[in-house]
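Two complexes come next, and they have one chain in common, chain A, joined by chain B in the first and chain C in the second.
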Partner chain A sequence: MNFIDFPALHDSFGILTQSYIPWLMIVPGLLIGLAGGALPGISGTMILALMLPVTPYMDFFTAIVFLTSVFTGAGYGGAVPAILVNMPGSTAAVATTFDGFPMARSGKHNEALGLGLAASTIGTLISYLVLFVLINFVAKAVLKLGPVEMAVVAIWGISMIAMLRGGNVERGILAGVFGLLIGTIGISPIGRMRGTFGLPELIDGVAVVPAMIGILATAELFNLARSKYIIDNDAARIVSFPLILKGFRDVFGYWRTLSRGSLIGIFVGAIPGVGASVANLVSYAAARRSDPDPNSYGKGNPNGLVASEAANSSSEGGAMGTLLALGLPGGGGTAVLLAAFAMHNVTGGPRFIADHKDTVYAILISNMVQSLLLIVVGLLFIRMAVVIIKIQVRHLVPTVIVIAMAGSYAITGNLTGPITLAIFSVIGWVFARYDYAPAAAVVGLLLGRFVESQFVFSHQLSGGKLSFILERPIALIMIAIFLISLVYPWINARMRCRKTNEE
Partner chain B sequence: MNLRNIMLATITSVLTFGSTVAVSQDAYPDHTIEMTGPYSAGGGTDRLARFTASALSDELGVPINVVNRPGGGLFTGTLYFFNQAPDGYNIMFTPPTPYMVNHIENMGAPYKIDDFIYVNAQEVAQSLLMVSETSELQTLEDIIAGLREPGKLSAGVIAGSGEHISLLLMMKTLGIPAENLRLVTFDGGGPTRTALAGAQIDFGMVAGQGSEVIFDQVRKIAVFADEINPDWPEAVPVNEALAQFDVEIPILDSSVRSMVVRREFKEQYPERYETFVAAYRRAVESPEFQQAAEDGKFGAVWNGPEVSQEIVERNFNLLLEHSAILE
Partner chain C sequence: MKENFFTKLDRWGALLTALAIAAISIAYLTQSYLASSKLYNIIFLVPMVLIAVFLTVIIIGRSLKMVLKSSSADVTNNNPTPTSDGKNLVIAGLMGGFLVYAFSIRYVGFDVASAFYIAFSLWIQGERRIIVIVLMSVITAFAVTWLLIHGARVPAIATFL
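Presenting the complex of A and B:
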């Protein structure tokens, strides 16, 4: 099988240059996506679904360019509030808050936004480049992954809990377990109700996004209330476009984290049903684990920010690969894209790739162009957004809380969202006050349900026999890598220790 | 304009508006209709709902706003819809079966199946039993033979779905213990289809409509319908294949995607109801909609309220009768 089909590539330029209209769709698409991604509660999926009815009036290629532009924009949009006010605009940007917000508070807000944008755009670009070369192999590779492999990926993400401990290991793990337990509320994977206390609002479990915003953002805002500005230091509180650009350029100093994060994002994004919200956590975990100074994470280490943003953006490319190669959506966003495909009588899948390789290449190339344009649009967007740091906290906090409340209402369509937000704001504040890492609780909450489902599916598939896992070579390899990555820092530390002793 | 003028203008306009309403009571509809979708945006039913809303809006001459209210296996949104005024400005597009059985039987829903009128079962999806194209299983007989050996085969269905019940019912009717099968109960059609295409499971049962994406990677073995579906001629009707074992199972549809209004709407506003049904029928039967449905592979059948009611009730009663098998 060839990597690149050159005649089809040649034809794809025909599609790309046929009309200027698809190109006109990119900038509006990116802006809509950025705005939607930045507003908490408006998920990328939601904004894509809202845009869907517009697309029947466009031809197929224009429609796909427009929707993928929205998708690309939303991929970065979530990072802006994550960095500036510790409020992830979507579940994909949770790990962005870990180091992004500390950077902002210490006066590196300009650099952090630029750096995040760079990691995001380059991550997207890398993912589409990889896809461009490997699209013929994606379908086969993805289908090899079953529930067992997905469970391993999820456990990998959950291992984050042990790292997000702040000052106190036991309390960090307890916070994570709390999140996992909250995640079990609602219908279990085998259809039993758990912990709903008969409330219909809890049948689907606790609304994750409002709870997440509550634990991470509003709790932090309460803490901020004592300060006058997000950034205490008057001299550091500047809006500087050159500094944003400097942050953008700085990304090349973190190329290892960037490329690792991008690869993790592609892989995790390609697995159907997993996606950006898992990818950013796995990538952050990997970055922290392989760093000689893991304790600098969570305190404003730019590597953490790069790891998260590179992975959540590149997972878009991975998900796109699965969509094109299999015709199966990897997540909510690609499900809407699939619906748009169907509206134009196009189904993805192996046959689509074989028969319409030129269209596939054209889609991939237009996505690369989008990621380059996102640099320009994104820079202008953050130049506007960064003025938030000039706003006094007494104006900022109520405004953000109102927006978060409205977003929570939008998600659930009733008061369940805002109430969840309020309850978890208090929980988050108490956790932060007594050193029970709030971020660990969020990780537990995000991944608990997913890991449990995959675990149950694995159990059902194996018929309860543990030896089943021996028939799954990919799972075994993944477990091996996982275990090595777990013990490596420990062995490394021991070795270093021994060396110093010998000296 | 000073405050007094504004107030005067407001009062005048309210009066004018009021009198318009009084004069032409039958001017239905005169403002936006809200269509509840009790599922999240972007799925198959949502797509069908949005397409239908757009065509219906053109016929009725007012905007139709599709509002997704997901949650609780379609319970949250259905409950919300049940509490809206039955004045014709609130409609719902949903698959009442299989979901409402669970709402009514296990979730303490305040509504009954005949509190609603199923205006049109626009897309009735059938359950399709498929295997991966790499599988050695060729026929339903092969699968049944495999099922007789404990632990040999694995399968995937959506938890609690019509397929879940049909499969267990088939095994029970054939005298095969349910434990023989390693059955994975996925949480949606997407994961089930992915597992099937990737041969993670030996066979899978899921709605055939919407499975087009994996047709290249699977073989269609049996359809749970009375007759062959012309779209999938290779899938044998299940009871035809079961005839050699001298058994028969009741046919459950995979889902019945339907336009739903409250019964009180018809009782309180019979004229509005007639207007609504006629406009909906024109929308569905229009050549443009039929062509779009053909291209986009979505359902555009006009069954009408009477036939739709029968389809929903038949499925509801079968589900009710056999849902104990899930325990």
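Presenting the complex of A and C:
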């Protein structure tokens, strides 16, 4: 089987060298994405959506290069606030906060930023290289995933989040279930209003982005109250370019985590509807589980940061694969790209690959160039972004809260956003205080409708017969992996306990 | 350590949270069932609510065991890391103020509400320089409001909002 179509690859160089305009779009796109991703409360999807009106004035290839540059920049941009203020720019950077912020708190913010940038760029590069070679194969593999498999993958992701931070597993899972339930509020699959309790603002469901910002971001801001600086140690607040570079170089010491995270990201990112928000958490859980010292995670273990950043960035390549191969968006970011396709009268999917292989290769090559340029642009950007840690906490807290409030207002266009943000900030604080895994609640909230629709499709396909699952080997394998990952930590803990007793 | 309102609340916090989640889940299911008892309206909700209730029972059992076992002196061994009363008050103030801020936008507008919230946050966190409180609250609130209004019309500016 020929993985690469060389005549089409040759033609792609013609597209790449036809004009310099697409190349000029890369650096501004990366900077816009980095700035947007780094601003608390602003997601990569929102930036992409806001940039969409600019692209009709560009030709198709230029528009896609520009938007994917924004996408790539935002992928890493989200890690900057995640590391510095424990505030993920998007759900894709949730796991980045777990060890990135503790590293910053211990004065290793420079190394953490460098490490995150390296993991992010290498993860993106690996994903596009793999996609370049395997695009036909990926298209066929994803086609085999039905609603049962989709539902299993999503629930698996939420369970992992509930378990991966240690502590109270039952509280974590309850938070995930709560998120799933809240995520289904609004119009039901049969067109009835559910859980709105008479509030018209809830007909379209809970405003997900403000709720997410509230649970994950503002709750942590409240806890910062009465600290003078985000980083207490005066010496640690110094921005050091050599230390950022050191962190960047150090990534090669974590090559195992990096490559595993990148592969997980590609696989999970290729599954429509799941994407980076689950990829970073699954990768983090995998890194923690395979580490001889799992208890060091959540306390500033660089492996956790690398696992998360490599996976969320590489999921971009996986999602692009699904978008190009099937015309299905893997998440919000690729949904905007799909809209850009439509604005240029291009339909992604098997026909697009068959008829425009040269364009597909040109897009993938330009994406690889973007990830390389992200190293330079990202390093320069960090120099500016770390100014945030020099601001006193009492000045930072209200400023960021007001920006998050404005972001929530802008997203919903009415007061639903601000009110949702405020209510979910309190919920997030309570969850964090009593060890209820806020991240599990957020991912549940994001995937609630998706999982429910997969439940309904599965029931429709099976006619209500459970034996239907036995006819789906991929689903069976996934369920087995899911059950093993549920039971394994418990067995592992028992074995360790027995070993300690014997000693 | 003498128990005050916050430490008492902390002892029962995990249990109360689980109860609240279970109550909300059951209320949601009931309301959905009343809206329509058709299978596809509740096919996903029923198992999820059952799981939520089951987990709540486990959490209540464990939490009660811990609360009853622990004396007020060793509360800290079983409950969240205690914070000073001063910090608790600041957090409570910031959260309460945030709720008031969100609901007051409708009546006073985003700019005025934001300015008041910033001023209140600065004050509650210990800033006592009037000039800093006034300048920061007014400048930040109006800068963010300007971007909110005008930024949305210009994509390049909206990006940085």
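Here is the rule we use: the second predicted complex is superposed on the first by the 416 of 503 C-alpha atoms of A that agree within 3 Å, B and C clash if a C-alpha of one lies under 4 Å from a C-alpha of the other, contacts with A are read in each partner's own complex, and residues count from 1 in each chain.
Quick note on the criterion: a contact is a pair of C-beta atoms (placed from the backbone, for glycine too) under 8 Å apart; a residue touches a chain by one contact, two chains touch by 3 or more.
All figures in this text were calculated on a predicted structure; none of them were measured in a lab.
Asker: Touching A:R394, do we find chain B (first), chain C (second), both, or neither?
Answerer: The second partner, chain C, only.
Asker: Answer with first, second, both or neither: which of chain B and chain C does A:V426 touch in the superposed model?
Answerer: After superposing on A, A:V426 lies in contact with chain C but is clear of chain B.
Asker: Would you check which partner chain A:R171 touches, where first means chain B only, second means chain C only, and both and neither mean what they say?
Answerer: second
Asker: Between chain B (first) and chain C (second), which, if any, makes contact with A:I190: first, second, both or neither?
Answerer: both
Asker: I'd like to know which partner A:A440 touches here: chain B for first, chain C for second, both or neither.
Answerer: In the superposition, A:A440 touches no partner, neither chain B nor chain C.
Asker: Which chain, chain B or chain C, is in touch with more residues of chain A?
Answerer: Touching more of chain A: C.
Asker: Scan A:G146 for contacts with chain B and chain C and give back first, second, both or neither.
Answerer: So A:G146 only meets chain B here.
Asker: When the two structures are overlaid on chain A, which partner does A:A342 contact: first (chain B), second (chain C), both, or neither?
Answerer: Touch partner of A:A342: chain B, not chain C.
Asker: Once chain A of both complexes is superposed, is A:D204 in touch with chain B (first), chain C (second), both, or neither?
Answerer: In the superposition, A:D204 contacts chain B only.
Asker: Quick one: classify A:M405 as touching chain B (first), chain C (second), both or neither.
Answerer: In the superposed model, A:M405 contacts chain C only, not chain B.
Asker: Share the list of chain A residues that count as touching for chain B in one structure and for chain C in the other.
Answerer: 50, 53, 189-190, 456
Asker: Using the touch definition up top, name the residues of chain C that touch chain A in the complex.
Answerer: So the residues of chain C touching chain A come out as 10, 13-14, 17-18, 21, 24-25, 28, 31-32, 35-36, 38-41, 43-45, 48-49, 51-52, 55-56, 58-59, 62, 80, 86-87, 90-91, 94-95, 98-99, 101-103, 105-106, 110, 114, 117-118, 121-122, 125-127, 136-137, 140-141, 144-145, 147-148, 151-152, 155-156, 158-161.
Asker: If you look only at chain A, which of its residues touch chain C in the complex?
Answerer: Residues 32, 35-36, 39, 42, 47, 50-51, 53-54, 168, 170-171, 173-175, 177-178, 180-181, 184-185, 188-190, 192-195, 197, 218, 221-223, 225-226, 393-395, 397-399, 401-403, 405-407, 409-410, 415, 418-419, 421-423, 425-426, 429-431, 433-436, 451-452, 455-456, 459 of chain A touch chain C in their complex.
Asker: Touching residues of chain B toward chain A in the complex: what are they?
Answerer: Interface residues on the chain B side: 40-44, 46-47, 50, 54, 67-73, 75-77, 79-80, 107, 151, 154, 159-160, 182-187, 190-191, 193-195, 197-201, 212-214, 216-217, 292, 295-298, 326.
Asker: Which residues of chain A touch chain B in the complex?
Answerer: It comes out as residues 45-46, 48-50, 52-53, 56, 142-147, 187, 189-191, 200-201, 203-204, 272-273, 326-329, 332, 335-336, 338-339, 342-345, 347-351, 412-414, 453, 456-457, 460-463.
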